[in-house]
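Have a look at these structures, which come just after this line.
One chain, chain A, links the two complexes that follow: it is found with chain B in the first and with chain C in the second.
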Partner chain A sequence: MRKRVNTEFWMILPALVVLAAITVFPFIYTVRLSFMHYPMIQIRSPEFAGLENWIRMFQDPKVRFYWWVTLKYVVGALSCEMILGILIALLLNKIRALEDFFTTLTISPMFFAPVLVGLLGRFLLHDSYGVYAYFLHQVGLFKGGSIFGQGTSALLALIGLDIWEWTPLVIIIVLAGLKALPSEPFEAASIDGATGWNKLWYLTLPMLKPVIFVALIIRTMDVMRYFAKIFITTRGGPADATKIVSIAVYDQAFQAYRMGYAATLTLSMLVVTIILGILFVRFFFGQGE
Partner chain B sequence: MKRLIVLIMSFLLIGVMVIPAFSMTEEEKWTQFRNKGIVLHFLTEDTPAAGAILKLLPEFEKRTGIKVEVTRTNVSDLVTKLMLELGAGSSEIDIIYNARWQILPAFSDVLVDVRKFQNDPTLPHLPLDDFFKAHLIATSFFVDKERQVAIPHDASTMIWFYRKDIFDKYRDKFMAEKGYDWTPGPNITWDQYYEIAKWINENVPEVKYGAGHMAKQWNSLYCDFSNVFWSFGARGFENPETESYGAIFPGRCMWDSPEAIEAAKFYKKLITEVAHPASIGWDWASLAEAFAKGDEIAMCFEWHDYMMMFGDPSRSKVVGKVAAALMPKGKDGRSHVYYSGAGLSINSYIPEIRQKAAWLFLVWQASIPVQKEIFKMGSTPVRKSTYEDPEVKQWIKEGRYPGAKIAPVMLEAWKEENLEYVEAKIPQFVETLIIQYTHLAYMLQGKETPEEAMKNIVKEVNEATGYTKLIKQKK
Partner chain C sequence: MKKGQAKLSWMSKLGLLIIFGIFLFWWLFPVYWMVSSSLKVEVEMFTIPPRWLFKPSLGNYKNLFATLGFSSYVINSIIASLSSTAIALLLGSLAGYGLARGKIPRKNDIAFWMISTRMAPIVGVILPLYLIFRKLHLVGTLQGLIIAYTTFNLPFAVWLMRGFFMEIPRDMEEAAMVDGCSKFQAFLYVALPLAKPGLVAMGVLCFMFAWNDYAFAVIFTSGKTQTLPVACARLMTEYGIVWGQVMTTGTVLVAPVLFLGVVIRKYLVRGLTMGAIK
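The block that comes next holds the complex of A and B.
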């Protein structure tokens, strides 16, 4: 028995080493960085900073503002993506003719690279030659202004781009869940005279709970560290209206050369994501499950 | 006797070592690294100068046997990549596009002092006095005036582009109404610029607005505001060296001076009242696209390299309709021109032989044939003698290439009395830049008054540069 355990251990060890190298070490290094002043420019050398970065983060009103923007962005994007994703998946599940064609068509946006989506958004919403901007101007919107030049419209445009790109992920996850649902409960419900709405509310959605949870948690993690599209389009402006925390991290690390402070902000993102994950687990499955 | 023999032997040894160096022909200096299998990596911003290099690079490779891999990217990515590479002590990149405001102050210690190659008899040399003095100081030195870490490579400069067809067509009408010639140039004041922009908004149907600006919350906003800031007599920092050779400690930030506040008030009025409303979402690329579209704006302040785009029929609807001029007149009666050139440097982490090979590349890229090619790419070269070349003189006379068309304006702009080194040459520049453009954006969005914006900038910049800490320590 002892020999068998040893063999298993040695077989797993390479994978553990690789895992440690690519995840655990960077994580520990990031934690270490968060307690240091680590400027990458020549006149300053790295030095231990204690809790200075953490105190600064909690005291900085700008960071609170970035979190507020992040919250608006996350709530806006996630709620729309989840609702639309579930609705479209239910619809696709009902379609019989050309099902594969419509499914492929619907999920295609998520195969675009985020940078490309950012460029596409910038192009389509460009005030001078953007097609979407043109139509908006035609109906009297943003006629004398800029979509990416005004705080609210810029944030809405970015949320829209995210919804366009990532709702398909929710669709594909929920659709897979729908296909895997057993037919017996639905047949029994039909015999008992349940309406379509009843079946959806009392059978489909409760049975899809784990699947919806997976979609929600994946999108939450992703949307929290959203970067490329904002970087390409607004870079956090105008007046920080679209500056979510990940953009602030970039600014601190690669513009201001403050690696220590950037690491602190990064870790705060990790903590918030974990907290959200725990909240979702409790919401979906109740405490203790 | 023994001493004499030792002395003679020493002289012989020195002779054996030194004489071949002096006896090397010019061609041997260029071909000495042939068959050594050297491949250099050159990381650069995507500029007309880089385009000229790429076009003629096979000639260099054929002559020297040195292969050069060129990576072109935008300036933000370039700085990030260089920061990571140089910060880690990497020898991955041999030749560095040295953005004078970001890389030079932050990493000058890890760049090779190129004077050692200038003094090396086995290598070809560059006539340094053939570069514009202003460019040389700005791009090649940081604090230490005896240590040259780059040679000038390009010279992005902010100039005033305008639609000549529109300005010609409405000149008399404007003059009749306002009583002065509105032709753009250093005779026009900023108030007149505002008036011209407003007049075009109301009287010229060919374009939607008179003026467009690059007021997006980014580097472009800082650049655009700086045009006004410097013209109004404001200065960035207490230490004047920040505007020439650079400084480790810039002293107090001066953005709350009465001149700075007046400039901020004027800028806000300009952007929010008369400029194209989309200006607050435009960076320099978007602004150039809007100008090139033809029906959006009649004038803008842009980097002179964009002449390439305006003269390209596949990207511009204003080909042949664009003229350029110096910036409007400042409060002191002269034009203040924003200069933001870059040099090329050699990474000190690479071995000596590669450094020498890189030097050959630096000398070659500054040679007259490559410099002349820059005209064709739509920009203007940085070596003075290029402009004395008979063929170039003819190009300028005929306005044959986009770069040649604006050459007279650039030569005027690069005079020392006109140039402003707006980007403070300090190690913390990028950090201060973010602070500045963020508060300027707040000001344009009405979240801060000009006074508040300037006051907040001073407070945060002083913290970033260490000035606040220094003052506290003194107390």
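The block that comes next holds the complex of A and C.
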């Protein structure tokens, strides 16, 4: 018996050691950094700053604004992705024969590198030769100027790019959920004379709740985490209108060279992520099995 | 019909097809536009209203690989992505098996901790790694980039491989051990081959995460070590954006992962929801 334990322990050990080295150690480093003034170009040597970075973060109205932008971006992208994704999945579920064909075609945006999605967005929405911009002009939805040059339209465009790229993921998640639904409740409801809409509202959607929740949390975390798309299109501008917290951290670290303050902002993001992560794990994997 | 659905009439089927058609157009148009732009000569790219018929030319591809030397960036991307995938799969399948089968105290806590490292904000991972790598002279090297990619691919591989191994019945491994196999041999010759489809799918996803990365690569590589996404973004210069080359690089960037992704599409949901939905 003792031997078995040993084998498996040795199997886990390499991954454990590597992960500790590349994630735990950097995490501790980040916490330490948040209590320091640490200019990246070391004209001055790093010095202990106490709680200065933390106090600054809580007092900085800009930080609140970055979170506000993040919230708008997350809610805007997520609400459209979820509604659209669920609707399309429900429809696709009706035509089983074509399902594989359609999913194969719709998943393609997910494989685009975020940076490429941003570049494509710039190309398609360019004020003088963008096809989408031309189309929007023709329809009369957008008049004049550059789409990425104005705060509201830039944020909407970024939300649009995210919807384009990630709605397919919501679709395939919901489809997987639909396939796993038991058929008995639906048969019983049919015998009782329930209409299609009744079944959708009182059976399908409530039973899909956990699946929808998974999609929601995964997408929320990813929308907050990934910033390449914004980085390559607006870099947070114009006038910070698209500066989500990730971009703000990047700017503090690699533009303003305030590594200590950037670390503090990072940790505040981490707190939000941890809350989401705990929700995710608690709901879907249970504890301890 | 399954699930008590009423059979759809011919008309509503047509209606659904039209709705899908519109969405498919929306999803696929940018893909078409990118690929077709890469095959256009500069003048035709910027014609507004767009010209739908054009003579395809491979000029952009020739230019990119023969003149601008993009093949070295492709090679960098392949080296970085494949190495981190190999590390993730090797250590990940070992640890995943250990966590699925072993009698190890608090093994579920260990597994949860591992996957939680994957959820950390990307900038939050880049920031300390950058300062540490600077001290170790790893900034600007592919080795550094491979280590950086391992921070997200290894937890991913451990977690999903653990899930795959937990689904394989123990009986066969136990039978092998009765026949004199060691625990490790049972893993190598019995469990691992059974988990092969999952292993392959996870490999593709790990490769994709690394291949598509820009955020890490733009910080950790420079000059000769830059990867394809970084080189693609560098085509934006002060004088403007060389769109023909951007679209060509984009096509080269998307083609392999799109192909691989479609091949493993049955595992996509599982991989991208970190195993929450199978």
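As a convention for this text, the second predicted complex is superposed on the first by the 256 of 289 C-alpha atoms of A that agree within 3 Å, B and C clash if a C-alpha of one lies under 4 Å from a C-alpha of the other, contacts with A are read in each partner's own complex, and residues count from 1 in each chain.
By our rule, a contact is a pair of C-beta atoms (placed from the backbone, for glycine too) under 8 Å apart; a residue touches a chain by one contact, two chains touch by 3 or more.
What you are looking at is a predicted structure, and each value in this text was computed from that prediction instead of being measured.
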Exercise. Can A:S128 be said to touch chain B (first), chain C (second), both, or neither?
Worked result: both
Exercise. Regarding the shared-chain residue A:T30, is it in contact with chain B (first), chain C (second), both, or neither?
Worked result: second
For this session: Scan A:G160 for contacts with chain B and chain C and give back first, second, both or neither.
Result: neither
For this session: Could you say whether A:V211 touches chain B, chain C, both of them, or neither, answering first, second, both or neither?
Result: second
Exercise. Counting only touches as set out at the top, which of chain B and chain C does A:F254 meet: first, second, both, neither?
Worked result: both
For this session: Could you look at A:P109 and tell me whether it touches chain B, chain C, both or neither (first, second, both, neither)?
Result: second
Problem set entry | chain B versus chain C, judged by how many residues of chain A each one touches | C
For this session: Could you tell me if A:D240 is touching chain B, chain C, both of them or neither one (first, second, both, neither)?
Result: first
Exercise. For chain A, which residues lie in the overlap of the chain B contacts and the chain C contacts?
Worked result: 128-129, 254
Problem set entry | Interfacial residue positions of chain A with respect to chain C in the complex | 3-5, 7-12, 14-16, 18-19, 22-23, 25-27, 29-30, 33, 38, 88, 91-92, 94-96, 98, 102-116, 119-120, 122-124, 128-129, 131, 134, 164, 168-169, 172-173, 175-177, 180-181, 183, 186-187, 189-190, 196, 199, 211, 214-215, 218, 221, 224-228, 231-232, 246, 249-250, 253-254, 259, 262-263, 266-267, 269-270, 273-274, 276-277, 280-281, 284-285, 287-289
Seminar exercise, completed: Touching chain A in the complex, chain C uses residues 2-6, 8, 13, 16-17, 19-20, 23-24, 26-28, 30-31, 33-34, 37, 45-50, 87, 91-92, 94-95, 97-99, 101-104, 108, 110, 112, 114-117, 119-132, 147, 150-151, 154-155, 158, 182-184, 187, 208, 211-215, 219, 229, 232-233, 236, 241, 243, 246-247, 250, 253-254, 257-258, 261-262, 265, 268-269, 272-274, 276-278
Exercise. For chain A, which residues are in contact with chain B within the complex?
Worked result: 40-44, 126-129, 144-151, 154, 234-241, 251, 254-258
Seminar exercise, completed: Note: in the complex, chain B contacts chain A through residues 79-80, 83-84, 87, 105-110, 216-218, 248, 277-282, 286, 289-290, 293, 296, 427-428, 430-431, 433-434, 438, 441-442, 444-445, 447, 464
